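What follows is a pair of complexes built around subunit A, which joins subunit B in one and subunit C in the other.
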Partner chain A sequence: MADFFKSRLFWISLIVVVIASTLPLYVSGYILGLLTVAYYFGVFAMAWDLLFGFAGEVNFGPTFLIGVGAYTAGILNNEYGWSVYLCIVLGALAAVIAGFVLALPALRVRGPYFGLTTLVAVLILQNFIVVFAELTGGEIGLTIPDVITINAGVNYWIALGFMTISAIILYGLSQSPVGLVLQASGQDPVQAGALGFNIVKHKLAAFVVSAFFSGLSGALLVFYFGTASVGTVVDVAVGVNVIVAAVLGGRRTVLGAALGAIFLIVAGEFLRPTGELATFIVSAVALLVVLFFPGGFLGAALSREARS
Partner chain B sequence: MDAPLNTTHVLQVRGLTKRFGGLTAVKNLSLDLRPGEIFGLIGPNGSGKSTAMKAIMGIERPSEGEVVFEGENLAGLPAHKIARKGFGMVFQHSRPLNRQTVLENIMVALLPDSLFMLFADKALTDRAKWIAERVGLAEVMDRRPPTLPFADLRRLELAKAIARDPKVVLVDEPFAGLTLAEVGTFSELIRSFRDEGRAVLLVDHNVKSVAALVDRVLAMYLGEEIVTGRADDVMRNETVRRVYLGGAIETSARPETSFEDSVPLLQVENVSVHYGKAQALENVSIHIHQGEFVSIVGLNGAGKTTLFNTISGLLPYNGEIVRAGEKLRGMTPARIARSGIVQCPESRELFGEMSVRENLDLGGQHLSDQDKDAQMAWLFELFPILKERQNQMAQTLSGGEQQMLAIGRALMMKPKILILDEPTLGLAPVILEQLSKALEKLRQTTPITLLLGEQNVTFALPHADRVYVLEHARIVWEGDPGRFAEEAGTGYL
Partner chain C sequence: MLAFQILIDGFAISALYALGATGFTLIFGVSGVLNLSHGAIMVLAAVAAWAGASMLHMNTYEGALLGVVVALVAAFATYFAVVQPIQRSRRIPNEEKEIFVLTGTLLWGIMIQELIAYFFTNNAKTVLPIVEGVMDIFGVRTPRNEIFTAVVCCLVIGLLWALVNRTRTGKAVLAASMNPRGVTLLGLELTNIYIVVWAIYGILAGIAGVLLGMFLGVSSYSVGPLTASAFSIVVLGGLGSVSGSLIAAFVVGYLETLTAYLVSPAYRTIPALLLLVIVMYIRPQGLLGRR
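Up next is the complex of A and B:
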């Protein structure tokens, strides 16, 4: 841990965060809004990397956890008018419970079946939202009466602060003894078991942590948008974006995932003038990185360091 | 045997049985380990020794039997609980954490099974350092695993296994992939575990490689114990000799000069293959004449499968492989197979959910209908059982029938050179006899050339015109099967 504060990674991250926090002083509200969304996305991607990069489990349904958090918070606020902050906390808790209930049986099946289970969970949630339209707003989406604030700068700072704190916790966790055991379980479950580690317990814990941050971020995002809709927080395509972001940034790096998410969203926006081509270009870049630099942005840098 | 009676056993295995579906991999196995003893569990490939070790460790759940550790039956507990009771296991293949240092890798093994260990304390680091020194990793403990030589990666496995001071240490093939000098160092390390009062259980293929190290040996075959005793007694045992060397082997070799081609049909010249850092083949040269039956004899891990996969074009190599004057380098595996070099792999690779007939049809897909029918009829004569089983799904066949189907499918491709990799793996003696007869018939009635890889010498010798012995990635002996037993046989006990 102590080494970390001396490492280049720490200083670079610190400088980046400091610079980022000054942005509201001189950039337009439009860019702030874009980055606000990107930061929440960054947390989705980091939470996902904890599962894939460290526990070795591919969660094809990150939006199941995000969606449960987002919709729980939104519905509670809409139905009962409870305070925004209480709704956010309850949204995160709901995601944790949903994640636990999903992972407990899903972790018992091996390999691709875990991924399939998580994918099906997203479809079920999506159907649930459409069917119970009276409660959830259905396909049109749920309008939420309250927001945290309408000030773009404050929203930006909240998102940046939240992402930074999440990054510190998730990265710290990944480098802690528990993170090492998790990584060992992901890489070689048989050997980790023979070293005396309860693999299911560790993976379940990782899933719960991942669920907590996904749900919390989803709930915050809902109160930023003022709406919750399937297209923004539940759809499989959103989940695919989260996965692409994490892989793009670099597996097993946590921080790389946030970079990947910011890149994905910002690049998508800058290419907007190209119209329909934007998605295509971003996807093509993502595909090239995955094919030729499977370590991702940060992964490539880190493994070069490891070999030297 | 002659140890003082007052030493108590630390581990007693009683009637251990492990079944996988209909297959009984371990049958009613019993053994005792005393503290400060090195015990060898020995058997040829497929004899169930590794399964037995995994069942003791809890990686495989035993079907029956007891694993009593210090008076407590642990059978049925998951591996992580058994490990915490005082067991450590050294794996043959390792996947260390590549972004962490050697020291951190050892520290992982020392951590408690807790979700709340967020900071490692200094005592843990000190203990990890001590272990690193203990196994000879002191020099490299701040390096990362990808930069280490193979032997150091094996040391890291030893370090992890003894990290939490286990009373019982299980070691899977301690010397696999090591050079002779390294074998000496590792033997010393394992002896030092014994001297610290640990009970050590080694699993290996043959008695010889561990004879100098073990106090007692249990030899097993087809899942059952043959005999337990001191290494030299076990090596003298009649049944053990028969399992490894066969009884009086009748050979019927044709002399090499009787083959008419002056340039051999297939020449492997100075071929070397590496898997990462481990050398799998080192300057291997062999040749086979048209119509000759050649056996490559070697223990598991010697490099037989690697050699065959190299010939089949599946692995990158240094050196040359020449067939009838034409270099095979650069040809795709599919083209090599089409050209008549057909491998029947050790793992059989049948299409389990297709019928016997469909599997055979796939093998003969490039033949005209007429040729295919003729070849099929000939094949059914060679293996009548396949005719009876035609419409059955391949995965429902017995092990022996599956092997016949695998060979049959290879023969449907009308190979000029047939490569059989360990066809006898895990098969009962009665099946071996049927396979033997089929090979004899191939030899007498067809012009086919055969390359047979075996660790079962009893099966390999009778069918060979010439024998090569492959050991630690190198060819160490070549000659007439009749001279094998006296010149090279001792290595196979």
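Up next is the complex of A and C:
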């Protein structure tokens, strides 16, 4: 950990965050809004990378955790009018509980089976949201009466602050002894178990931490949008974007995942003039990165630094 | 009356699911690849058949053939452009290849889906059926096309069974799914076997896609649900077990039809999903899985 504060990565990250925090002083509200969403998305991707990159588990259903957090917070606010902050905390807690319930059986199975269980969880959640339309707003979406603030600059700072704190915690965790055990159990569960580590407990912890940050970020996003809908926080396509962001940025780097998410959202906006081809181009770029730079952006940059 | 209706409709849907899932499970059984662009390839076949009939003025047979050929080409493209480079890559550690294949084929599927949406719009398309009209079975008015779908599905699956169990090539494929190293030691080139499997897969996915287009219609939105349903049927049956997926396809097909008729079409997919979760709890390797 001490090495990290001397490394180039730390200084670059620090400079980037400082520059990013001054943005509201001179860029338009439109760009701020875009980046606000991108930062929340970055937390989704980082939380996913903790599971995939370190615990070696492909979670095809990041939106299950995100959606539970987002909808819990939204429904509580809509139905009972509780304060925004209480709703956000309860949303994150609901995501943790949902993650725990999902992880207990899911972690018994490996590889593709785990992926499918998590994917099915998303599909079930999606079905229930549509079936209980009176409570959830169904396919139209849930309108949320309160927002944190309507000031674009403040919203931006909240998102940036939240992403930075999440990044520090998740990155710190990934470099800690717990992170190393996770990495070991992801790569060779038998050997890691033989060394006396409780793999299931570690993976469960990783799942819960991932669920906490996904749910918290989902709840915050809902109060930024002022609405929650299947298309923005639950749909499988959203989950695919989270996965693509993490792989693009570089798996097993945590910070790269945030980078990938910001790239994905900003690139999508730049490609807007190409209309319906935007998603095609983004997927094609992501596929090329997967094929030729499997380490992702940050992976490629770090390995170059390591060589020089 | 309702019982017969459910029996007949359920059979047609299940047969179609079975055909769609067979190719998917075959590839996994032989080369360990989970092809998440499966739904996109099926939709592509249906859209090609539709475009052949409505834009190139082909008759329904030529259109259907075009659909199958396009699916075959797409299957080869998936293998040579996405799967093989990942399997041969030296930069991807071996234990992570599975995950990269999943991500790569997923992205590939999205690319196909977006291209379909771009050139042919997102609107639902129904391929003109080869046989038209309705007929009476036990007092249930059934479209002839539905019977045609069920018959073709059963025939193709029967042919596949004969191919795998009765021909030399088929036996090589079967052997490769049991022990790839053993097959190589016998002097058979593994890559050739993979190419054969992908060809079979392309044809199966193509036929399933075209039939789906005739029976229910497709749009680029059906890509995700199609992949997900093939994936769940295959896992329910046991990854890599063809007979397992056949059973699972009928379980899922009938469960969905029962729910749609007896409860509400809105709840159609929920019982099947819950069943899948229960099976994962109790028997993670699926109904007939080997692991």
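A few points about this structure:
Going forward, the second predicted complex is superposed on the first by the 302 of 308 C-alpha atoms of A that agree within 3 Å, B and C clash if a C-alpha of one lies under 4 Å from a C-alpha of the other, contacts with A are read in each partner's own complex, and residues count from 1 in each chain.
Operating definition for what follows: contacts are C-beta pairs under 8 Å (C-beta built on N, C-alpha and C of every residue); 3 or more make two chains touch, one makes a residue touch a chain.
Computed from a predicted structure; not experimentally measured.
In the three-chain model built by superposing on subunit A, subunit B clashes with subunit C. In the superposition on chain A, contact of A:A205 is made with subunit B only, not with subunit C. Which of subunit B and subunit C touches more residues of subunit A: that partner is C.
In the overlay built on the shared chain, the residue A:A92 is in contact with neither subunit B nor subunit C. Once chain A of one complex is fitted onto chain A of the other, the partner contacts of A:L291 are limited to subunit C, with no touch recorded for subunit B. Using the contact criterion defined above for the overlaid structures, shared-chain residue A:I144 touches neither subunit B nor subunit C, since it reaches no partner. Of the two partner chains placed by superposition, only subunit B is touched by A:V181; subunit C is not. Once the two complexes are laid over each other on the shared chain, residue contacts for A:L195 go to subunit B alone; subunit C is not touched.
One listed stretch of subunit C collides with subunit B once both complexes sit on chain A; from 74-82, 146-154, 164-172 or 272-280, that stretch is 164-172. Residues 187 of subunit A are contacted both by subunit B in one complex and by subunit C in the other.
The touching residues of subunit A, when paired with subunit B in their complex, are 1, 172-173, 176-178, 180-181, 183-184, 187-188, 190-199, 201-202, 205, 252, 302-303, 306-307. Considering their complex, residues 34, 82, 85-86, 89, 91-92, 95, 98-100, 102-104, 106-108, 110-111, 114-115, 117-118, 224, 228, 231-232, 235, 239, 266-267, 269-270, 273-274, 276-277, 280-281, 284-285 of subunit C touch subunit A. Here subunit A touches subunit C in the complex through residues 52, 56, 58, 105-106, 108-109, 111-113, 115-117, 119-121, 123-124, 127, 130-131, 187, 236-237, 240, 243-244, 247, 276-277, 279-280, 283-284, 286-287, 290-291, 294-295, going by the rule given at the top.
Those residues of subunit B lying in contact with subunit A across their complex are 57-59, 78-80, 83-84, 87-89, 91, 94-95, 97-100, 104, 107-109, 111, 113-120, 144, 146-147, 160, 163-164.
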